[in-house]
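I have a structure here, written as structure tokens, and I will follow up with some questions on it.
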Amino acid sequence: MRPSKRAVDELRAVTLERSVSKHAEGSCLVKFGDTHVLCTASLEERVPPWLRGQNRGWVTAEYGMLPRATGDRMRREASAGKQSGRTQEIQRLIGRSLRAVVNLEALGEVQISVDCDVIQADGGTRTASITGAWVALRDCVEWMRARDMVTGDVLTDHIAAISCGIYEGAPVLDLDYAEDSTAETDANFVMTGSGGIVEIQGTAEGAPFSEEEFGQLLGLAKAGINRLVDLQKMAIL
Amino acid sequence: MRPSKRAVDELRAVTLERSVSKHAEGSCLVKFGDTHVLCTASLEERVPPWLRGQNRGWVTAEYGMLPRATGDRMRREASAGKQSGRTQEIQRLIGRSLRAVVNLEALGEVQISVDCDVIQADGGTRTASITGAWVALRDCVEWMRARDMVTGDVLTDHIAAISCGIYEGAPVLDLDYAEDSTAETDANFVMTGSGGIVEIQGTAEGAPFSEEEFGQLLGLAKAGINRLVDLQKMAIL
Amino acid sequence: MRPSKRAVDELRAVTLERSVSKHAEGSCLVKFGDTHVLCTASLEERVPPWLRGQNRGWVTAEYGMLPRATGDRMRREASAGKQSGRTQEIQRLIGRSLRAVVNLEALGEVQISVDCDVIQADGGTRTASITGAWVALRDCVEWMRARDMVTGDVLTDHIAAISCGIYEGAPVLDLDYAEDSTAETDANFVMTGSGGIVEIQGTAEGAPFSEEEFGQLLGLAKAGINRLVDLQKMAIL
Amino acid sequence: MRPSKRAVDELRAVTLERSVSKHAEGSCLVKFGDTHVLCTASLEERVPPWLRGQNRGWVTAEYGMLPRATGDRMRREASAGKQSGRTQEIQRLIGRSLRAVVNLEALGEVQISVDCDVIQADGGTRTASITGAWVALRDCVEWMRARDMVTGDVLTDHIAAISCGIYEGAPVLDLDYAEDSTAETDANFVMTGSGGIVEIQGTAEGAPFSEEEFGQLLGLAKAGINRLVDLQKMAIL
Amino acid sequence: MRPSKRAVDELRAVTLERSVSKHAEGSCLVKFGDTHVLCTASLEERVPPWLRGQNRGWVTAEYGMLPRATGDRMRREASAGKQSGRTQEIQRLIGRSLRAVVNLEALGEVQISVDCDVIQADGGTRTASITGAWVALRDCVEWMRARDMVTGDVLTDHIAAISCGIYEGAPVLDLDYAEDSTAETDANFVMTGSGGIVEIQGTAEGAPFSEEEFGQLLGLAKAGINRLVDLQKMAIL
Amino acid sequence: MRPSKRAVDELRAVTLERSVSKHAEGSCLVKFGDTHVLCTASLEERVPPWLRGQNRGWVTAEYGMLPRATGDRMRREASAGKQSGRTQEIQRLIGRSLRAVVNLEALGEVQISVDCDVIQADGGTRTASITGAWVALRDCVEWMRARDMVTGDVLTDHIAAISCGIYEGAPVLDLDYAEDSTAETDANFVMTGSGGIVEIQGTAEGAPFSEEEFGQLLGLAKAGINRLVDLQKMAIL
């Protein structure tokens, strides 16, 4: 039995609330149960130095956690003077995932910076971030389209992400913190709306896992991501 | 005429929403119009090194802004590797202000860290932070009281803060960003529920101001802070 | 009785010694009793990036303390790897105060950097810094004038600063360290030669203060700053 | 055709040279073709603070690259003042992978720090690092055993790693730099000697990949890692 | 002809003014012509961690330059966030030089930190620092002796330093900035009162120098340091 | 008797292995006994900002040590976030030494960065670095010559370095770690192939040394450097 009483293939309650920021060109407050992430997409009229003059744009992401998003207060990274390895790993993952569905030529020579800030954490912050970031990014692109700054298809597909894991011997979908902290295996999947795999990260926290177990996790993830993509489609109607 | 059509002595719509964090011992989402600050109070079983063994506690504060809380995206301080002078100045002010109404002996040898994170900014983030931080701090103290961790009066009074300024020649209360960015004079006041002054900061942005003008700003502030303290009282009913 | 036996409205012995640096375009060693600050004004043929091409100049300030300027040796900020919040707060205040009496258009597209380094501290280092910095800045402008680099009135007025506080229940002028460390209330005032207020910072260190008390401090400050401006005028004769 | 003319399931020439350091308790110079990594295992009589007094040890890893290990000279991280996100991601992976086959209780309250320094890079530095680090770690444990510092089975299995990718449409084993920089998909696998999976990381660099393609990569990896484990066994004979 | 008209073996005017700091246990303002360095010696009731419990003390030094000590304003190291390589090299030299004449056992388990801050620079700041630091250190030791904190001979000898160089083909003593910036060879010598050599640093700025030339510089230095030691003796009478 | 049984004027076994890097334009693995340093010379099509547009090049050096190059593991500087004072002092010395034999005009407007990374340390890493760096630098220049990027004599001479010291009362050549850590006096000499002195650094670790002793060290160094230059000549045949 999962601590949350959910079925093994059951997502937490997921909501995607758009236009939550007065300032950002695109924004989305995504909730996976008690995990809440504010995603904002900011249009910037500049690209990284190594991309200048190539008529291509860039999409990048940054990730942060409020100090008391977690059960124990964590030290503020701005005060510590640097971003942790975990933070950098996550924001690189979010950026890579988003770029997998962006036509950078169609974007033109601008940069979209997507900030994913965890207001409250209960496991799965990186997968919630990717899922919400797509919505914020999409609204930023539409903001540009309404101003004739882009014309073609900038976004080539949906992108969403979910975690799976082996909890008390059983493969389960969408780990919350109670599960995540004791799961034997933890895997994150990033997939497109059409079912292509963009990123797989699987880690044995305890005993190694088998190929068969991994296949079960992948199967759960595919179904979960299909559901998340449906929720994205409803959100942008 | 103020850009917001408010009367010169009219606050923005102020709300103080409690218990917005699943994890923090006390929390408050404070809104002064479009300025939104999430305040969390975290109980920590340790005090700064210079206070150890004195049977006294400590209250400190940290302040941050999400990168796209503002009209233009700002660089994330965790990525820049340090907190700006402005950030440090504000968090020192919040901490001082809160400590002015805390009986540190009654608190016992623990620390309460109050985090004020600006989700959306439209002027007056430091005064909103202080006003909301008091509510979060109060709920943290009550959390401790419910667990018999404190007995006496830890909080000796309310504390709240407001900005005033001279905008197009007239003294006005509670500057929003449109006013703040062009005001000739800008002043922040921190006062207790019983009307004592804890902090005054007045700055001439353009021409110097006179003693008389300063008196008018102080008068506006007193009335505004009275109103904020009433709102705090209603919030904690 | 004040520890120094001074009357409540009596300044410490104040001296302003000019041209103390072989290299700087303007310099002043200011002493408020045992508080000694070396102020140098350096002309630099560049402005901050956000000001380029606007035919306007900039005045900025930096503040530092020698490690043994104080009773106990403090860690050197260059060795600690960053400036403290207190240092940044003070240097921002000095810069703002100086700019309040500078016509940046008349200065032309250059920057004057004023360094205020505390050689010995006995309370009131920020107010001594502002008072001495004006003299160094003025001599830098005259250095430019002698070379036809400026023509009009670059400095529009004098600027000086003083601290006041409530010490053993009585409002007193120009706190030294013995007073500053036990004063109930501490306030810094920055005013122009013509009596305009540029900055007010008042902080209750212990009990909150009343409006009446604050008025008494302001009265002391006005008289003290008048005296400091007279001393500046004598110094530049 | 692969640039190196290798068969799709052919590893580069792999060598594992032991005892290359005069000082380290265990060391291994691992070469995967032109990728050369020096791995040293250092025994330290301390554990991280959060592990003190638990009679358990710790294994951690750090990763670095000499500035001219690559085609273009990279900035030295010690000079830049911080480790890049990529460096931190890799060293976290190496540490996790090693710990998957260490019985931390059997190790006792000491820490083994494994340093993986890339002397020359030609793709696959992280997988070479893991494969060589196991040998260095094993020799460090044997050094301890020879001194009666450990008795039981500290290492529970072999651990080795390999990259696979889809290059010009075909799944291939052990990408070198020429392949890695143009591969459509890049995946790293970490597995134990008994075939358990410890870590999977797959990333679509261009188009998303399918479940079937991922299965082919996993198949190649299993065979490759079997071969690497055989080489480890021969190396420690 | 030297720019200053000095004879080749002539020191600049050297003064050693004691007790210039209200707070420091020992202090000396040393001037070598226009090079002015404030040296303070601070007694601290602690030693570095690696020296604890050994009944021995430590002497260390830090060096800094005010931003406008030089012809062009330099960036403040506290603002840059780190000490330059040059600064660290100099402060290591000062510390080593002082320790060469200190009996650390006789000092007891305390640390004396000597700060050398360059108020104005005109060449030779490191040699002036060492020469003045000895006086500050000596007065700190006497301060301790007057309080019965030390009894035996803590200082075993004098220590002083001077630069020499080859300027326009001729060996000269005590380079000022005009000479230092164009000298072909530059050497610093640190010697004890009894003529022992503690440190030699010679650098060819242009063409390499010969053994014979080096011997001439050493001869000049010996005479110069004898003179500096005499000045130290007069200063502490 | 020296711990290594060497004669007082006997170098350790010195080898200079060229072309050890697949990527660098010039490289040399230098060994002085158990001290092993990898030197790479990297051609970069840029010069420092202050040298731009002057048709002159630059040669600079960086120095590093692998964490377990030494008997006890040292903290990685990239992880500590800064280079130590010792590291900066050494890399400045290497750069200065190399530039003493480079005709920067003949080099053209490019920079050669020489990295000296200590793979294993047993005393004398800075002198081994300089000796090996010259070989790497020379091969980089020849690489340029083969591509018609330089024509004239870029290198004007050989440069090599050696340490000497007074060990158990006797002057000895080429200190290894066992000697270096207990020597009373330690001196490093950098000289050209034609016998000119480029850098002398002598430090009394215990008692001061005399002029006569220093002369003996210099005599040993001259002979040792002659031998090193011969080895360089043989290496580049």
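Note that the chains take the letters A, B, C, D, E and F in the order they are written out, and that residue 1 is the start of every chain.
Simple rule for what comes next: a contact is a pair of C-beta atoms (placed from the backbone, for glycine too) under 8 Å apart; a residue touches a chain by one contact, two chains touch by 3 or more.
In UniProt terms the chains read A, B, C, D, E, F = Ribonuclease PH.
As the structure is a computational prediction, the values presented were derived from the model and not from experiment.
Student: Identify the chains adjacent to both chain B and chain F in the sense defined at the top.
Tutor: The shared contacts of chain B and chain F amount to nothing, since no chain touches both.
Student: What rotation angle superposes the Cα atoms of chain C onto chain F, in degrees to the nearest 5?
Tutor: Rounded to the nearest 5 degrees, it is 120.
Student: If I average the CA coordinates per chain, which chain comes out farthest from chain D?
Tutor: Centroid comparison gives C as the farthest chain from chain D.
Student: Could you classify the chain A-chain D contact as same or different, where same means more than half of all interface residue numbers appear on both copies?
Tutor: Homomeric contact, same residues on both sides for the most part.
Student: For chain D and chain F, let me know how many angstrom lie between their CA-based centres, rounded off.
Tutor: 33
Student: Once you find the CA centre of chain E and the CA centre of chain F, what distance in Å lies between them?
Tutor: Result: the chain centres lie 28 Å from each other.
Student: Roughly how far is chain A from chain E, going centre to centre by Cα mean, in whole Å?
Tutor: It comes to 59 Å between the two C-alpha centres.
Student: What parts of chain B, by residue number, touch at least two of the other chains?
Tutor: 81-83
Student: What order results when the ring of chains is traversed from chain A, passing next through chain B?
Tutor: A, B, C, E, F, D
Student: With touch defined as at the start, can you tell me which chain A residues reach chain B in the complex?
Tutor: Against chain B, the touching part of chain A is residues 21-24, 27, 34, 38, 40, 42, 44, 62, 64, 66-71, 73, 76-83, 87, 113, 115, 117, 119-120, 122.
Student: Using the touch rule from the top, collect the residues of chain A that touch chain D in their complex.
Tutor: Chain A reaches chain D through residues 82-86, 88-89, 91-92, 96, 100, 187, 191-192, 194-204, 207-211, 214, 218, 222.
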